[in-house]
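What follows is one structure encoded as structure tokens, with my remarks underneath.
So that you can tell them apart, the chains are marked A, B, C and D in the order they are listed, and the count of residues begins at 1 in each.
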């Protein structure tokens, strides 16, 4: 699936969420998806930073899109584990996620996700996400 | 800090979020906090289940409350890592979090969080959360 | 499988390792295994403490034993993820592991492991271990 | 510190361990260390594969070397968390670790470690390791 098909699928799958709280896919290629989110003020935490749950939810969305890009529109792929390392303060503004496949097996997909604002070499967070494939 | 003081603090600290998206503290005791959230329909994912980000955000809130309960109202305590294991499908309805301190050091607090619906012995998820203490 | 059967199985499965580097099962009950290791001097790290790899390997052994206790002697159950939080300095002497099942599914088993020396309420480490079941 | 200085330091710091059970540094550059281990038969698990604890211990060594390469010979830097994802069967033979800094702070260093045998693009395991800096 390409970026447009992924975004259409996500919009259908999460009818109650808004893109501002979920993000969207910017590009998709074999083994890789890039996503973007423009968090609204509900995403802020004390200190005026983007909250941890906003970052983690965005990482999970990017991982979900990366799985779907490779196995097709299977809504019931589910997260089985997500580990998130908070690396740097996350200032307000657009957030990007670079999601790469570490392994796509028959039952599990394991992915590495880097979350960054303006400098991909200084990520604000890093996640490992495992999805169970139905 | 007790449950009421924690809830007042959280309401002030997150003026843009609603309790339905954040949860509240039910009880606080040395080494332990219990929290509850009543997720709204924005929290649902395909299959009609409570989404992963909702669970992770709730676990993070419970961990934050547990740290504050022990070190006082220090808004700038920040999550440094969160590992979440998804254990069972999370059906709609009230969610509870049992948060326990594994270690409270000078610089880091490490906590175990169990998320469950109607049966604490069959958690829907388990988190390890590390907070950096300023 | 009980403690004796588990220890006999482990001795057969790891013919090149010694109990001092692997540990053994002390007791097994539904949902729970306790294990013990008496680390030798090769297990020390600078500062005279028990090394991290010794603790992680011991946690993995306890998790393996806990899985086997429930599904029988299936040597090819394999670790799919292990998260270890180092909580306190681990002084030399006997180490214990309390391993509990969080969930035993058809394909994955997720376990919580606490590692301690003389006080189970002050663990030196905590692990989440996921095993893939063949 | 360069590769030779790191290896000399590790030999001094772990006088009871052998290179075959610990590995050594192949190269060190800003933000990056590559390490190698040639596991002996004690490192095998059922199925003739390299055991999980061997992989995790090797990842921890590579992370330790990466921290030391940047902050100098401070033996008491200690692991505070290690998350390991097992990705593929690990066949016997030399193992390599590519360790990269995700963030080097004043108090914590967070690193990404990829473990592979003959193909760096198909890692057998991936670790996130956090060290506390004294």
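Brief remarks on what is shown
Assume contacts are C-beta pairs under 8 Å (C-beta built on N, C-alpha and C of every residue); 3 or more make two chains touch, one makes a residue touch a chain.
A quick map from chain label to UniProt name: A, B, C, D = Thioesterase.
As the structure is a prediction and not an experimental result, all values here were calculated from the model.
Chain pairs A-C and A-D differ in how many C-beta pairs are in contact, and the one with more is A-D.
Most remote from subunit A (Thioesterase), judged by the distance between CA-atom centroids, is C. Separation between the centroids of subunit A (Thioesterase) and subunit B (Thioesterase), computed from CA atoms only, is 21 Å.
Centres computed as Cα averages put subunit A (Thioesterase) at a distance of 33 Å from subunit C (Thioesterase). Chain geometry summary: the mean Cα position of subunit A (Thioesterase) and that of subunit D (Thioesterase) are 28 Å apart.
Annotation for subunit C (Thioesterase): residues 80-81, 83, 85, 130 touch two or more other chains. Chain contacts in this assembly form a complete graph, since each chain touches every other chain.
Contacts from subunit C (Thioesterase) toward subunit B (Thioesterase) in the complex involve residues 83, 85, 87-88, 102-103, 110, 112, 122-123, 126, 128, 130. Only residues 80-81, 83, 107-108, 130, 132 of subunit A (Thioesterase) touch subunit C (Thioesterase) when the two sit together in their complex. Listing the residues of subunit C (Thioesterase) that touch subunit D (Thioesterase) in their complex gives 13-14, 16-17, 21, 41-42, 44-47, 51-53, 56-57, 60-61, 75-76, 78-86.
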